[in-house]
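Following: one structure in structure tokens, then a few remarks.
The first chain written gets the first letter, and so on, giving A, B, C, D and E; residue counts start at 1 in each chain.
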Amino acid sequence: MSRIGVFVCHCGENISATVNCQKVAETASGYEGVVHSVDYKYMCSDPGQTLIKQAIKDKNLTGVVVAACSPRMHEPTFRKACNEGGLNPFMCEMANLREHCSWVHDKGDLTTEKAIDVVRTQVEKVKRNQPLTDIKVPVTKTALVIGGGIAGIQTSLDIANCGHKVILIEKDPSIGGHMSQLSETFPTLDCSQCILTPRMVEVAQHPNITLYTYAELESLDGFIGNFTAKIRKKAKSIDEKLCTGCGLCTTKCPTKKIPSEFNEGLGFRPAVYVPFPQAVPNIPVIDRINCTYYIKGKCKVCEKVCPTKAIVFDQEDEIIEVAVGAIVVATGFGIKQPDFFPEYGYGKYPDVITGMQFERLASASGPTFGEIKRPSDGQVPKKIVFIACAGSRDEAKGIPYCSKICCMYTAKHAMLYQHKVHGGESTVFYMDIRAAGKNYEEFVRRAIEEDTVKYVRGRVSRVYEKNGKLIVKGVDTLLGAMPVEIEADMVVLATAGVANPGAEELAQKLHISYDGYKFFAESHPKLKPIETNTGGIMVAGACQSIRDIPESVSMASGAAVKVACLFSQNELTREPLIAVVNRCAAPLYSTCVGCFLCQSACPYQAIEREEIKDRSGKLIKSIAKVNPGLCQGCGTCVAFCRSRSIDIQGYTHDQVYNEVMALLNEY
Amino acid sequence: MSTDKRLVKKTSLDKLFDSIKQQGKTIFAPKLKNGKVNYEQVERFSDIATDYIQTTQSAKVVAFPRTEKILDYTKSKEGIAVVEIDLQSISEVVIWGVRPCDAAGFLPLSAIFNWDTKDIIYNTRLEKTTLIGFSCNKCDESCFCTSVAGNPGGTEGSDMMLTQLGDNGDYLAEIITEKGKTIVDKNPDLFETAGEIDKQKYLADVPVKFNQTEIKDKLANFFENEIWLQQSLRCIGCGACASVCPTCACFDIQDEEHGKRGSRVRCWDNCGLSIFTLHTSGHNPREYQSQRWRQRILHKFSYMPERLSVYGCSGCGRCSRACPVDMNIIEHLTAIQEA
Amino acid sequence: MSEFEPKVVAFVCNWCTYAGADLTGTSRIKYATNVRIVRFPCTGRIDYMLLMKSFAEGVDGIIVSGCHPNDCHYTSGNFQARRRWIVFRNLCDFMGIDIRRIQFSWVSAAEGAKWADVVNTTVTTIRELGPYTDYKKVANYFEKEVSHG
Amino acid sequence: MDELKKRAKELLETGAVKVVIGYEQGTGNKTRAAFIQKPEEVSRLIFDSRCVLNLAVYLNKPEVKQIGKPAIVAPIPVLRAIIQLASENQFTDDNLLILGITPESKFVEFNKLADVETYLDQHLIEIEARDKEILEKLDKMSVEERWNFWVEELSPCFKCYACRAACPMCYCHRCTVEMNQPQWISVPSHQLGNIEWHFMRAMHLAGRCVDCNACANACPIAIPLNLLTKKTLEEIKVSFGGYKPTLTGGHIMSTFKPNDKENFIR
Amino acid sequence: MVLGIYPGCSLKGSSREYTESVLAVAKAFDIEIKEILDWNCCGATAAHNLSKELALALPARILALAENQGLDEIVVPCAACYSRLSGTQHELNQHPELKSKVVEAIGMEYKGTVGILNIVQMIDKYITPNIESKIVKPFDHKLACYYGCLLVRPKEVLKFDREEDPQSMDTLMSKLGAKPIDWAFKTECCGAGLTMSRTKTVARLSGEIVKDAADRGAEAIIVACPMCHSNLDMRRKEINEYNDQKINIPVLYTTQAIGLAIGLDRESLGLQRHFVKVEI
């Protein structure tokens, strides 16, 4: 039998000015199961709380209703008081007499009646409350970081410096990401590699970081604090332990004319290669698609020249399994590729290049050693046109969003061009200049004012070649939509940043959501921009949305903090207000019939499959099971389950049904 | 009392109806709706269906309604206050157009409701009910009253039995009980004297399909037999058969509660449903449909004759007609007899 | 006889509408006393059978309210709920259940004034519609003695 | 038909299946389910327009499961039910063989559930004109008239649950009406409880009902309760682009589109 | 094989040769072309500037006529008409309430199910598959395929070729043995309806087109739109004045090019009607 205590708070006069608190308490004392009912001036005060604790002891209460302010205000207070009084904290409910009653209604019988009704619903609810205990989930204090760009590097270093183990995987042969390809960075124009490479080396040498390059996530199981990741280490055809990174194989490889990915196709690399001189690790891989040995079955020059016998042609992909407690996804972005801009002739005219290609041309380590030369004939372009928003903010191209970084790097490109080509003429076609960042606007102004870059506000309709020149047809909207035609030597497209081609597949492996553009979705756009909907998985950098370097780095550090918070406990403690699938005696075991339609309804992938087997191991039935580590307690599955086999603790069918009954009937 | 025989003119039937109606009685009679004929409260004689073999549901609803309130209660800290239903409030009912098998069904039903405790509510309802039977001049492949000791002109259970003498003919009225006589007494003009009439030749010819005594004997040692599984494979375990059966008497007691007030209600239950025997522990002694099918047959043809000396079947064939998967009771009983 | 006072139940989510209603309180915006609020974690948790039971137990009007699309605390509970309501409402209407008596709304934690408005307009609508006697008649089977065949 | 019988015989002879679930002649003009377990009994199998019982309902029956792997004679509604059930994890390719029957009563065997799914693309659910007319008639009524119509129609229901038993989609081991803590739906049959039961049944079938009419055919007192599921089917078509059973991709009512259209939320 | 045709005003007037060549080519490939009876104006550029409903009702009536006359598929050789008809069908299928309004206005049953083909689609579907065996004289010329503005736009409605740098005509011409040139004016504006009111503007716009084609060595310009044809062909005098250069490259319809390749009589293709003499 329930023994409920009702405590009606006056809240000074906040409640009692309009509600007859005494009458509320008196009426409540008449309800079946209510053994104690009082009103008091300030329930949340020390004496008020003592009143509750004392009553729990004296009257041996099994449940408490505090009729006071909003539970969003003081529920934790009173649950704590109950706990201290010796009652399970979840046996306490609040009736909202202040925000939902006294403050919104005038003094009168109707207001008091409403207060009585509200108290009664909570009495009937609390009678059906179950003592609950917080959920404890163990934590494996190793983080998996996916992607070795600047975000992945930063987050790995931060987590590792907190004293936690990190496994960093990178799909390419070297870490460094897009940042390693950049020439100089806005708005300071410091050399990208100069600031990045020390961090890359730090990663390689950090005792807490295990680095797997040329590796990708194969699959992921488990949940927050307890993931099991399978990692595919693609065969490099090199024994990493034996290789000293001397580079002999790469210089002797007879297949030398493979377009270099690192140089965006503007230079060449051999079939056994290190993507760039500062690569970490400094260990080559054999590109099996282009290697003569793999194509024709003979060559093996690299094997012959390797002083440490590190070449292993028959090496196979290796799958390793690691246990991790948290994951940071930092897989970066992709760049919209040719065919996308037939009107700009990208792919057709060699001197129409992307911004990233320009980075390589401008980079001291690039194919031209930093000299701006046309890819077609190696001439220095006298006139250059930069087209901003090449694809971005263009619904017709399917990319309505702003790629965010292009305004800045275009200004930088124009500036670099002006610095490198004296007397050169550069024009930037733009829609708007979006330079919201510390020193960003100043940087753009410098390009325009000091470096005399010509900014034309208008779009380019077409680029075509005529007599060895690239004719750029555009419009100057600031001069009354005047058509502009420029005979340029080179055109640079500030191509839209897009999600990585493999983003969707990866998201499905990780069970995280993604938006219509395949960027990974954050849990909340304002308040949880780093977490995903799947507990324990964070996002950092441009895989969530296009980001520049400082943003990526801050986000990466933010993700590291989230991971460190998680790892600061030995066990995760979570409120037990989560869904549970009922279990009952044989032969039913559960009323769940295993249709698993709840799985598609759950926003958190918290519903798993549980197999019930007899003693001989024969499957009796498969039923749903809620993973307490993942469930956030929204209850969507509950309302969806036809057989009502899932219920949500704290808002069970029995509780809410009787709340409604209590509202509408006399007791 | 010995059966008094009278003649009612076909053209007087409506007058008889109106007269009963005027006496303030509620009349239930077969009525056509959605292509099915069922007992409904009927206000006008012309609403009564004429062309039908048998109503979908049985007449038992009058004495044993599908849902009836037994008592009201109010809870308080002091205890529970109970108000039982007022038997006086039960109204006088006439069922018009009861078939012999339906009327005969009240015998096993009454046997169940009186075998230990006398069920006052049931008995009161039955007492306040007058059954005006119409014997059958037609039958269909589901009819088998003659196999269970009934016949298409059987008077058992009825208070008055009307038999139409040929198509468009007048009616022979057999006055069977005092209640029947009361009707005659109230309408002496409508009941003419009848000569010597052999009603047999006006009745339907219902062939005998099996021998129920033989089946009863057989069932005594038939509990473990594979026939139950074979026969019930296509049974989907609904309660259609029990709901339409004139002799099925299983009921459930439910409290319908609204805050401190509530009502205790008696309502039909169905042994065909798996939940019927489900224990709170989760154990179900009749876990499979075959066991529930066995129970249905054994109950009607073995347990009831043994314990109550009356067979639980009047041969109306409603279960076969209502069954969505064609569980034909004649076929199954014949198979048992032949097994 | 005193004027008809509609009984209205509101099923709301904890994160947006319940908080919004709290804000109505802190802003001291007055609204009709007829409404009683039942709190749920999310609109996705709200069971349509509760709406049916409310009518059966005698309410005259119902408010169901949660976070605006894209603002759900649980990201998609309100989207799931919206689908359910589309079908639910259609079926109600088809069965002759008066859907004018069910008001669905999105009220965010910042929309204290909107909450007061939703309550007041709903109460006014229901007051004009009068008590839901059609449903009450069917629900009140106490008054009927038996259900015959 | 001969082809079907031949194949059924073969399957039983080779032991590929233990039972063939099909239709046979029943009492009078009725047809009924047949469970053929011996090759020589395949001659009992029939198929014609009277065979409307949805045989998929037997696939979840424990006694039938105990016989062993079944082959099932499956006209379109049964095929639809099979796919929906498979999507609800009730069986896989391994434990079922499908002897399909085209709308022209031709035999077509399916090797995989996925083939059935593809086949059904050509046979999308279309509500019959006759039923559409009734739905339209009801739509034109006032709310009060519709309410009275349904009170009238549903009041006689005595809750035999034949509709539930005949429905392949109602396979829950414990139906919500059998839950009693809380008791969502009154056990006794009365107007309110009946309305609640049929309402809930229609909601539970929303996005799952394959429109086989088994429920209405099963009702001993001919309540047109399939109108409710038909109405939800129509609404799903209007609001979410229609329902077709699919093996993957979630369920209409457990998925959503952020731009689902409605005009009733303030 | 029966195909409906909606000619529109141009094909009955200034562009008779287009009609002639379409019919001649169709005949050569055993396609029966049935003109929609009682057709009306498609609304062209004027209607949608006045009233949205009118602009939808005019094409809808044409489509309804086609439906009611039992035509499942129609070819619309004029690019502007094609754009209007396709746009209307798309819009009405998307908006049922608009549809019912328009149906009421035209007073005819309208389902919106007729297949609408532009000339290139029609050729692709019914002619290209059988063309190889019919070619008697490969059309071995350098050609500038000119698409104009309406043939491929708007993409979301037509879902045909890519808007910028379209390729379908180029592919088609290659099949005839021609060498389409890569040039910059495929979809540039020809000046369209300004040909009457602002002839100078048209001369400049069309002039750039013709000049680029000529500069890149094209021997002919291939078009799929009567308006484009008029401007590039009929306005050649003004064009040449603008360019201050005499450019004689002819302008041919796709169907005329096909006709020549399969050896049809030049007269039956209406080549004699061009202002710029066709000498290839």
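Methods note: a residue touches a chain if its C-beta (ideal position, glycine included) is under 8 Å from a C-beta of that chain, and two chains touch if they have at least 3 such contacts.
On a predicted model such as this, the values are computed, not experimentally measured, just so you know.
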| query | Counting one step for each move to a touching chain, how far apart are chain B and chain E? | reply | 2
| request: Please state whether B-D or A-B has more C-beta contact pairs across its interface. | output: B-D
| field | Maximum centroid distance from chain E, chain identifier (CA atoms) | value | B
| So which chain ends up in the middle if you average the CA atoms? | D
| task | Averaged over CA atoms, how far is the centre of chain C from the centre of chain D? Could you give it in whole Å? | result | 33
| field | Euclidean distance of C-alpha centroids - chain A vs chain D, Å | value | 43
| remark: Whole-angstrom distance, CA centroid of chain A to CA centroid of chain C, is 36
| query | So, what's the distance in Å between the C-alpha centres of chain E and chain D? | reply | 52
| said: Give the residues of chain C touching no fewer than two other chains, as numbers and ranges. | reply: 48, 53, 57, 76, 80, 84, 141, 147, 149
| request: Identify all positions of chain E at which a residue touches two or more other chains, and write them in rising order. | output: none
| query | What are the residue numbers in chain D that touch two or more other chains? | reply | 156, 158, 174, 184, 188-190, 253-255
| task | Report the residues of chain B in contact with chain D in the complex, numbered from low to high. | result | 34-36, 38, 56-57, 66-67, 140-142, 229, 232-234, 236-240, 242-244, 252, 254, 256, 265, 267-268, 270, 273, 275, 287-290, 320, 322, 324-326, 328, 331
| said: Show me the residue ranges of chain D that touch chain A in the complex, using the header's touch definition. | reply: 88-90, 171-176, 179, 181-182, 184, 204, 250-251, 253-255
| Complex contacts: residues of chain D adjacent to chain B | 26-28, 30-35, 53, 57-58, 61-64, 156, 158-162, 164-166, 174, 178, 186-190, 217-224
| note | Per the touch rule above, chain A residues touching chain D in the complex are 588, 591, 593-598, 600-601, 622, 640, 642-644, 653-654, 657-658
| query | Contact residues on chain B for chain A in the complex? | reply | 75-77, 258-261, 281-284, 287
